[in-house]
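Dropping the structures in below, format is structure tokens.
Two complexes are shown next, each including subunit A; its partner changes from subunit B in the first to subunit C in the second.
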Partner chain A sequence: MKLVLNCAEVTRGDWRLSAQGIFAEGIHLVSGDVGSGKSTLALMMAGLLPAASGSVIREQVSLQMISFQFPEYHITGTTVNEECASWGLDPATILSSIGLVEKGNCDPFRLSRGELKRLHLACVLANQYDLLILDEPFSSLDVCEKQRICSCLSGRSRGITVMFTHEQTIFPRVKHIWEIHEGRLRYCGSPPDGLLNWHHAPLLIKNLIAAGKTPKNITTDDLMEAACVT
Partner chain B sequence: MRDVRLRTGSATLLSLIAFYSITGAIAAFVWWLLFTPNFRLVWKNRLVLPSVVLIGLFSGILEITGGGGLSYFFRMMVVILIGAWLLSGQKRGEFLDLGCWLFGSRTGFELGMLAEMALQNLNSLIIDFDRIRAAERMKGVRSGIRSIVSVGRVLIHWTLLRAEDTAELLAMRGYVRGGTCVPAFVREKGDLIAAVFAICAAIIALIPVSAFFILS
Partner chain C sequence: MIHIENLRYRTLAIDSLSIGTGVTSVIGVNGSGKTTLLKLCAGIAVPDTGSILIDGTEPRQAYIGWVNEFPDRNFLFDTVSDEIASTLRFQHRPPGEIAGRTDEIRKQLGLGRLSARSVQELSGGEKVLVALAAAMIQNPRLLILDECDSHLDARCMQIINQIIRQSEIPFILRSTQDMETAAESDHLIFLENGRVRFSGTPETVFTGLNGTPFYPMSWKCRT
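On to the complex of A and B.
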């Protein structure tokens, strides 16, 4: 099971983004500045945006999902319960896991952005996909919820998970790190070695590396462990 | 046709004559065939075919209930084709230039800005629609009457959200009325000829044939 970006390129006027690489099973983190083209690449990888040149090949990927940055696009139910059911899930189980049991009969549009994002991610992560693309999964979430999502993601046993984010503090355990730099997708490598090539690495990680305390991975626990090394 | 003044003027004139009579619709259609990329526009603009289907539906009802549906369908079809051509060449800021050129920096600026906002919203709606459909497909939701409701809800939600954002932005920047804009227009070879022919089409459509020819 893999996703291959074969010199895939998107152009928009003078702006250009080119991507080359192979995404195998595991969690891939793609970082980049705001406006660097993360969402565009996510759409292209999901097959929703055709490549101007090159190709995107999905091998043995039969079930895929892209989670848009704004969860409103995914709403099809008129109540929160209906929304859960539209994902083929039991509303009671999902809502109790995210603490929204009392909102079951509410209109999903009446939820706050944070609540809606929680609901949406809970539904997405409750299903198994061969290819799961998450565009800014941590936007609108508080620290606790980010941690919860990270542990859910770290627990994903199979499939390709590609996470596009400019998050700087909380991450799941990742297998590969990529970044978009100057209109090009660049493979940094797998942690811990990949952290040394990561230009967009958060300041904390950069400081740890500079102090000779390269973390094993990028989860909060890994960073704490590295920071505590004497 | 790059000059937005000539493009809008021609489109307005041709739409009016097309709606006014069958003769006008034929004249406007011939003009559309001659002076625009014609059918290539139809395939490029994703709003044309749904509009035609909708008009077809209304025309069918009209034909069954009171008659005149076929004439209405043809006339409206031409209006849609002219509209598709008008929007196909649209560049950002053109209608603001046109508004200021026509009505000055107060009323013209406001009308131009309204037109720009409307077009921006139209483009956003198309993008939103694509995203919603993509999300539905991945969820396994089938297209149909039931999905129209959910798609409509999301589209309305985003439209209201954008309107609120725009209103807040304008208020924050202290917008009250009018503004400053120095209109600039670019004209290309053939713009004037096409506009002159649009006027000719209107004359042919509006003045009775008997005014040109002595009929026995």
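On to the complex of A and C.
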């Protein structure tokens, strides 16, 4: 199972994004500045945006999902319960897992931004996909929820997970790190070596590396463990 | 000083809270009442009971700037220049004053090169800067930023933090889910179920939150 970007390009006026690489099973983190093309690449990888040139090839990917940055784009139910059911899920189970049992009869658009994102991600992560693309999964979430999502993601046993984010402190355990820099997707590598090659690495990770304490990976536990090395 | 007394609004209940000058961050889990508190301080909503006074003035009588998480959803005009000037135009200020002040704020925020651009063509960080310029152009007593860092990268946030730090706005109130940003504030308010659980300096508040995910990662990893 893999997704192959074969010189895939998107252009918009003077703006250009070029991507080449192979995404095998495991969690891939893609970082980049605002406006660098993270969401555009996510759409292209999901097949929702055609490449102007080159190709995007999905091998043995039969079930895929993209989670948009703005969860309201996914809403189809008029109540929170209906929204869960629209994903083929039991509302009681989903809502109890995210502490929203009392909001089952609410209009999803009456939830706070964070609650809506929590609901959406709970529905997404309740299913298994061969290819799961998450565009800024942490935006609008509080720190407790970010950590819970990281635990869920770290526990995904199969499939390709591609996470586009500018998050700086809370991450799942990742297998590969990529970044978009000057209109091009660039492979940094796998942690820990890939961290040394990661231009967009969060300041905290850069500081640990500068202190000679390169973390094994980028989870909270990994960063803490590295920081405590004497 | 911002004084909040006996405030009740929906799930928010604050008996007494004082907010000094400088940058104050409001933190808490989703649904804890952060945006509700900011909306009340902005005068967008009015408390059922109790009061909010900004240096003795009610929010709806004070100059207040507001930047929300999705600034483009509030944009009314097409070009950057018109959007920034709109705040003063709605106040029917003299054209000369509007032109001068628009020019000044564009320079202050480094937006000169974007003046003629459509706001819809801007990157997420640039949109926040335009909304910030429109909010700051009237020299507000209180500037409110409601999780506007949620969709920004670290570089954009650094620029915005520099701008608000260098401004002469007495009160800056923001909500954030980034504890590293919160740790750089002058004051912190931690809300839980609509109530103030901790309030004070970052050291005081984060001491109370030690052992929780709210405790800043950089503090945990101090080398």
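Criterion: the second predicted complex is superposed on the first by the 230 of 230 C-alpha atoms of A that agree within 3 Å, B and C clash if a C-alpha of one lies under 4 Å from a C-alpha of the other, contacts with A are read in each partner's own complex, and residues count from 1 in each chain.
The criterion applied here is as follows: contacts are C-beta pairs under 8 Å (C-beta built on N, C-alpha and C of every residue); 3 or more make two chains touch, one makes a residue touch a chain.
Nothing here was measured: the structure is a model prediction, and the numbers come from that model.
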Just from the overlay, do subunit B and subunit C fit on subunit A, or is there a clash?
-> clash
Could you tell me if A:His74 is touching subunit B, subunit C, both of them or neither one (first, second, both, neither)?
-> first
When the two structures are overlaid on chain A, which partner does A:Leu141 contact: first (subunit B), second (subunit C), both, or neither?
-> second
Subunit A residues in contact: does subunit B have more, or subunit C?
-> C
Which of the two partners, first being subunit B and second being subunit C, lies in contact with A:Gln168: first, second, both, or neither?
-> second
Examine A:Met65 and indicate which partner it touches, taking first as subunit B and second as subunit C; both and neither are also allowed.
-> first
Could you tell me if A:Leu208 is touching subunit B, subunit C, both of them or neither one (first, second, both, neither)?
-> second
Please state which segment of subunit B collides with subunit C in the superposed model; the candidates are 167-175, 185-193 or 203-211.
-> 167-175
Common interface positions of subunit A, toward subunit B and toward subunit C | none
Interfacial residue positions of subunit A with respect to subunit C in the complex | 32-35, 69, 111-115, 117-118, 136, 139-147, 166, 168-170, 202-204, 207-208, 211, 213, 220, 223-224, 226-227
Touching residues on subunit C, where the partner in the complex is subunit A = 28-31, 35, 69, 123-126, 147, 150-156, 177-180, 212-214, 216-218, 220-223
Which of the residues in subunit B come into contact with subunit A in the complex?
-> 128, 130-132, 134-136, 138-141, 147, 149-150, 153-154, 157-158
Within the complex, subunit B is touched by subunit A residues 46, 48, 64-66, 68, 72-78, 86-88, 109
